[in-house]
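Questions regarding the structure given below will be posed in turn.
Order of writing sets the labels: A, B, C, D, E, F, G, H, I, J, K and L. Residues in every chain begin at 1.
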Amino acid sequence: MTYGEDRIYKKIEVIGISSQSIEGAVQAAVSRASQSLEGISWFEVQEVRGHVGPEGKVAEYQVVIKVSFELK
Amino acid sequence: MTYGEDRIYKKIEVIGISSQSIEGAVQAAVSRASQSLEGISWFEVQEVRGHVGPEGKVAEYQVVIKVSFELK
Amino acid sequence: MTYGEDRIYKKIEVIGISSQSIEGAVQAAVSRASQSLEGISWFEVQEVRGHVGPEGKVAEYQVVIKVSFELK
Amino acid sequence: MTYGEDRIYKKIEVIGISSQSIEGAVQAAVSRASQSLEGISWFEVQEVRGHVGPEGKVAEYQVVIKVSFELK
Amino acid sequence: MTYGEDRIYKKIEVIGISSQSIEGAVQAAVSRASQSLEGISWFEVQEVRGHVGPEGKVAEYQVVIKVSFELK
Amino acid sequence: MTYGEDRIYKKIEVIGISSQSIEGAVQAAVSRASQSLEGISWFEVQEVRGHVGPEGKVAEYQVVIKVSFELK
Amino acid sequence: MTYGEDRIYKKIEVIGISSQSIEGAVQAAVSRASQSLEGISWFEVQEVRGHVGPEGKVAEYQVVIKVSFELK
Amino acid sequence: MTYGEDRIYKKIEVIGISSQSIEGAVQAAVSRASQSLEGISWFEVQEVRGHVGPEGKVAEYQVVIKVSFELK
Amino acid sequence: MTYGEDRIYKKIEVIGISSQSIEGAVQAAVSRASQSLEGISWFEVQEVRGHVGPEGKVAEYQVVIKVSFELK
Amino acid sequence: MTYGEDRIYKKIEVIGISSQSIEGAVQAAVSRASQSLEGISWFEVQEVRGHVGPEGKVAEYQVVIKVSFELK
Amino acid sequence: MTYGEDRIYKKIEVIGISSQSIEGAVQAAVSRASQSLEGISWFEVQEVRGHVGPEGKVAEYQVVIKVSFELK
Amino acid sequence: MTYGEDRIYKKIEVIGISSQSIEGAVQAAVSRASQSLEGISWFEVQEVRGHVGPEGKVAEYQVVIKVSFELK
């Protein structure tokens, strides 16, 4: 990639989930998105939330991210 | 669905329109989205706007929603 | 109206009230605004709030909208 | 109530649910809150979201509101 | 829980603290809240901040979350 | 209080009113809250509004604040 | 005024200025608005800013408020 | 104008349109507003949007601005 | 298009880039989007940013826009 | 200063503190900033918060402001 | 620059002014900042405003940007 | 530090980067800032984003924080 040259990117919004960590949820979402999309370049975290199990334990982190990739 | 298990969701943004009500516009958008997408799970209202006819009547409600569905 | 031609719009902010519904409050505000303004074209909902009566009933919906109309 | 006199209000956040309408969800939340709180005076809608059933029907509206009441 | 049935949730705001991680602070807040509240269902991260010790080390993470639970 | 040690705080939202000043309204809200809550530590102003009397005088300032206190 | 009855309000945005205080700027804006508008009912502070004189003194407070009044 | 002296400003919201540029749309809105208002002093861009023609060309820029002027 | 009739729109988010101008970046994004999508109707600017070359020249404008088109 | 001529400003963020009033905190921050910076021209209030003493008295106002000054 | 390696950036806020265009104001701010800072890498537009001359002409564009540069 | 005494703080914005975790990026930014600034007291996370490597792995976390320190 060279700055100043014409490129177009698209942003999509995905939600990754991990029972371990926020980073795990981000990576899960990026991995899944990269299965069907080439050229994913960066992500932006939009929202961090999660589910709480009956015993007061965080059962999972749900992280909403925007993922950007170049349109060829 | 079981909390704690790996799942990935995608969010898309659609605009439903109804001459009757905000709820009608939401339902219209969800119905159309579910024709081409399986597993739509929830929606979030982003914006409510509308068109006004020449005689000062609300001609239609335009409701922007985000729709989330599981990626299999 | 033709896109690409010069037009100027003005936006004003009004609050409609209805004891029945959010849509009723929007329509009330638009109707009143159209008595003194020609060419109202669209509205955007800014805020939805309301008054609660002593017995826990919603007494009225107060909907803040922006109304846009062409300046001739 | 007289303006200019000392009063203190508290705001709490509740989520009402209705399979019918946004107004129904607001009323449900206000009714439940007024069972344990006296003097609820107004509400403000914060968020409108909902669940979608398997067949693309809006199964319920979930409306997050803030409810304000006077502290005596 | 069944979607479509009447339920009411309440949201409260708590701040958890951990010298280790953001996830630790979230879990601390959720654990404490679940001591006095039954039925906590989910949380939303509102703000992440922290204290810095004299030697430039992050001394603690302070995470503001909203916690939601069903009102029975 | 020592940074790095486990503490949990709760935030509540209250509205103070004063016919004199914004600071008076903040103090009124904090004073009232401290009658029923121990350990109030800080506040954050969320919103400043007020009522206007018939003769164009500001009749009262209504200040919405969040008040935080440690949960023991 | 009776809640539940039809009323329509309009909101306008004005900026008051005072070399003394924020409250002075609010009152200045409300006073001027009430010269040409009847029935001003409440205000909401939008923004607080000000000018600084050459010697590092706050020369004036500029307070942007929205003023609401009933349309008859 | 002298800082520190009493002045009151009003803000109104207008939308300018230009098929050429964002600056053209701003200037169009300011020019039209200055036909009926004296003493316009500054503007703030709120929103930039536009219409797209059938062939994928930007047909016009629609720029929402707030325009401020002194009330004499 | 006739107001009051049922239509559904979808919004996607794209980033256009131009070494010349903000308008150039908007047009680039809209042109590319219209290659694969029919019926693009309007855009909304979300964010304007850019890259700076080593010599302090703006090397390119990166404009994030939302593009809306009718779903047939 | 003449409008239309080239000028560049820089904005910095400072927090002033006063046990007396919001205006006192603003003035404290502006005074301190003007010790090391020439040409401070205006400020914008970003946030108003404060500390509460053990007896429920507001111990101090903490006001976050942005201060702007011309770069020569 | 290689992604994955440790780098730290700082963001500062500057306001550029141009009587011609928004792009001109951005370039003016970036040029001035690069006189005293090495390694400026990107900018983000925060706010676009401007001054209006007595005859209803836009006298200048004032563009608030954040400028980011690597700390060596 | 004693509450109620005059203190002034400054906030700056920095971006830390870590290939490992969000906390690592925060700590990196705080460490670097404390090399040239004394008395850093707290930080606030503004934004979490990151770069994605060609194989769909998160290559680094980029965390924008505001860092506050006392001005002596």
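By our rule, a contact is a pair of C-beta atoms (placed from the backbone, for glycine too) under 8 Å apart; a residue touches a chain by one contact, two chains touch by 3 or more.
In UniProt terms the chains read A, B, C, D, E, F, G, H, I, J, K, L = Dodecin flavoprotein.
In this text, all values refer to a predicted model and were calculated from it rather than measured experimentally.
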| item | value |
| --- | --- |
| Other chains in touch with both chain A and chain H | I |
| Minimal step count in the chain contact network, chain G to chain J | 1 |
| Residue-number overlap at the chain C/chain D interface, same or different (half cut) | different |
| Gap in Å, rounded to a whole number, between the CA centres of chain J and chain I | 38 |
| Distance between the centres, which are taken as Cα means, of chain G and chain C, whole angstrom | 22 |
| Geometric centre distance via CA averages, chain D-chain A, whole Å | 32 |
| Contacts with 2+ other chains: residues of chain E | 12, 21-22, 33, 51 |
| Pairs of chains, among all present, that meet the touch criterion | A-B, A-E, A-I, A-L, B-C, B-D, B-I, C-D, C-G, C-H, D-E, D-F, E-F, E-L, F-G, F-J, G-H, G-J, H-I, H-K, I-K, J-K, J-L, K-L |
| Parts of chain C lying in touch with chain H, wherever the complex brings them together | 3-12, 66, 68, 71 |
| Chain D residues within the chain E interface of the complex | 12-19, 28-29, 32-33, 51, 53, 59-60, 64 |
| Residues of chain C touching chain D in the complex | 21-22, 47-52, 55-58, 61 |
| Chain B - residues contacting chain D, complex | 21-23, 26-27, 30-31, 33-35, 40-45, 67 |
